[in-house]
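Pasting a structure below so you can have a look.
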């Protein structure tokens, strides 16, 4: 009975987050526009299209990371400012479910435009269909951990009145393993052939980040109201 | 002593080793001096505060 | 026993006794160690004279890890028991650790030039050590970003706990990925793969750096305690 | 006892706010907390709702300690904090329905519209919250009280920014709730009166830090 209730609560939270997010459509719009423009800037700066073909993964990932960080700041700040973060806490929802529901909503918010944007990348960067599919799977597997980490980072800075850049500084080092294993350009760990078990590693990273982010997020959420 | 003479005459290696030693000791002494000055400053402030308290 | 020392004022009295002793020991050991570094140890048959960089590079690397583990332990302690002294120690450890990490990276890169032919290689250990430096910087930034000190302490301890993940990666990166960086030579205490004449200066330098670290840490902790006292006095005046 | 606060000791930002604080709220009783700004009224509410934890002391709602209620908190009280937790880019109606879903209450749409009529908000039901004035926002969040089924209301400064007419309406609403057996705890920084209510003036404890500091965590000495 109790467990069932927790599950219901969780779905209720996810539904609420997604409903709010869909009303606030400008975030999705600006996210996708940012993504397109930033990747276009990369293309223009490289000049020779053959280089873009080699580095397409890195470009997509770097642009994605920065756009996610920009979005996440928006995502939690609104909730903190109008007091709904506090409301969720005193209504008895557990901190874990709040964090997970937020990151699920954010993940949906990222993946929906991505589905339309990645074919654009396909056209711009002139990659093959095989590469496109592997990129999509890549995005699908790695974005959950990305959103979790970025939610955590915005939790860190939610109470800062000035100097919001701190959020980026303290959390960017934790993106390093993610970037290494998603792009896996092969130059870093030559002795390892990552392409075969790259997806498995991404799933593994997710299962490491999930408990760590939940624990740390819980600790921070308890600290926020003090 | 032999080792040291060899080391001095090792040319390129000598400059590498010496510069790395200098850099490391510089960094460590820097943090040492910075912490000392910070603590001294705080101590002075503390003593001043105590004096003001006693005057009142 | 820990809780006996936990009283910051008692700790401060202890600091005032220990501090000059540790500094003296550190300087004496440093002089002895430098003598052994340059006069008492032979060049390596592979690396030549550059092996002498190892005598400071390795202790710095060890301490960069050790200081982080101290911070992490103190953070866990401060989250569980809400302890002031743990906060003070982890707050004053962070800049020292950052300095040791920076020293490690710089001396290592100078060592790499004659040995590997480049200043920098993107292998697993170097990368993870660089990440450690960035985490240290993040801790320092957080410690100074919040106006409310206790809040800053709580947040930085949470960040430190997340950063623990990096420690095993640094420690075993050379074993997990066969990289350019050589594996640890002194991991097995029974039969270290290093000559005793080289081991001696290494250990002396390690102890010297250890006492240096302790004396810097004590100075900083004393400063933090005084700062809290000043806050108390200011607070008293406000009421 | 609906709400019981027993010998609570609480500090915030190294400042002692409550020292041995006691409060009892019985069934069908109104308590008004009156105090200056920064005296700790909002902290007291956060404490009694379980967001903050006191260092010493117990807080009970319906004879159950607050930290044991956990999942079912929403059935025990309705709390309107200082920040109204209304989303700027949602309409009045959507905000209310979102809230109703969070607290597990299913009500027909007509009833919600009816309750909006109480503060004459029914013309504004499709307006975005961001376009409303401060007083209108307050009215929207007070409308939540009409929809809730909880016995205990905890209201933080409910009369801020309201015109006299609406203040009287709100007072009437609170009195009605009392007559139906509910209990209300509300805070105010001005000296207001509701008939049949008990007024409590809170002052922050006079404190001085002891000269002999042993541990920085416990440095106050009560005068």
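Here the chain labels run A, B, C and D in written order, and each chain numbers its own residues starting at 1.
The rule is simple: a residue touches a chain if its C-beta (ideal position, glycine included) is under 8 Å from a C-beta of that chain, and two chains touch if they have at least 3 such contacts.
Nothing here was measured: the structure is a model prediction, and the numbers come from that model.
K.L.:
Which chain has the mean of its C-alpha atoms lying nearest to the mean of all protein C-alpha atoms shown?
P.N.:
Centroid comparison flags A as closest.
K.L.:
For the interfaces B-C and A-D, which has the higher count of C-beta pairs in contact?
P.N.:
Answer by contact count: B-C.
K.L.:
Could you grab the centroid distance between chain B and chain D? Build each centroid from C-alpha atoms only and quote it in angstrom.
P.N.:
56
K.L.:
How big is the gap, in whole Å, between where the Cα atoms of chain C centre and where those of chain D centre?
P.N.:
49
K.L.:
Can you give the whole-Å distance between the Cα centres of chain B and chain C?
P.N.:
That pair's centroid distance is 15 Å.
K.L.:
Find the geometric centre of each of chain A and chain D from their Cα atoms only, then give the gap between the two centres in Å, rounded to an integer.
P.N.:
Once rounded, the distance between the two centres reads 36 Å.
K.L.:
Among the residues of chain B, pick out those that touch two or more other chains and give their numbers.
P.N.:
none
K.L.:
Mind pulling the chain A residues that touch 2 or more other chains?
P.N.:
Residues 226 of chain A each touch two or more of the other chains.
K.L.:
What residues in chain D touch two or more of the other chains?
P.N.:
none
K.L.:
Where on chain C is chain A touching in the complex?
P.N.:
79, 122-124, 127, 131, 134-135, 137-138, 141-142, 145-146, 151, 154-155, 158-159, 161-162, 165-166, 177-179
K.L.:
Report the residues of chain A in contact with chain D in the complex, numbered from low to high.
P.N.:
2, 5-6, 9, 12, 15-16, 19-20, 23-24, 78, 81-84, 86-92, 94, 225-226
K.L.:
Sort out for me which residues of chain B touch chain C in the complex.
P.N.:
Answer in residue numbers: 1, 3-4, 6-7, 10, 12-14, 16-17, 19-21, 23-24, 27-28, 30-32, 34-36, 38-39, 42-43, 45-46, 49-50, 53.
K.L.:
Note which residues of chain D are touching chain A in the complex, please.
P.N.:
On the chain D side, the touching residues are 12, 46, 49-52, 69-74, 79, 81-90, 94, 98, 101-103.
K.L.:
In the complex formed with chain C, which residues of chain A make contact?
P.N.:
Residues 152, 156, 159-160, 163, 166, 169-174, 176, 180, 187-189, 191-192, 208, 212, 215-216, 219-220, 223, 226 of chain A touch chain C in their complex.
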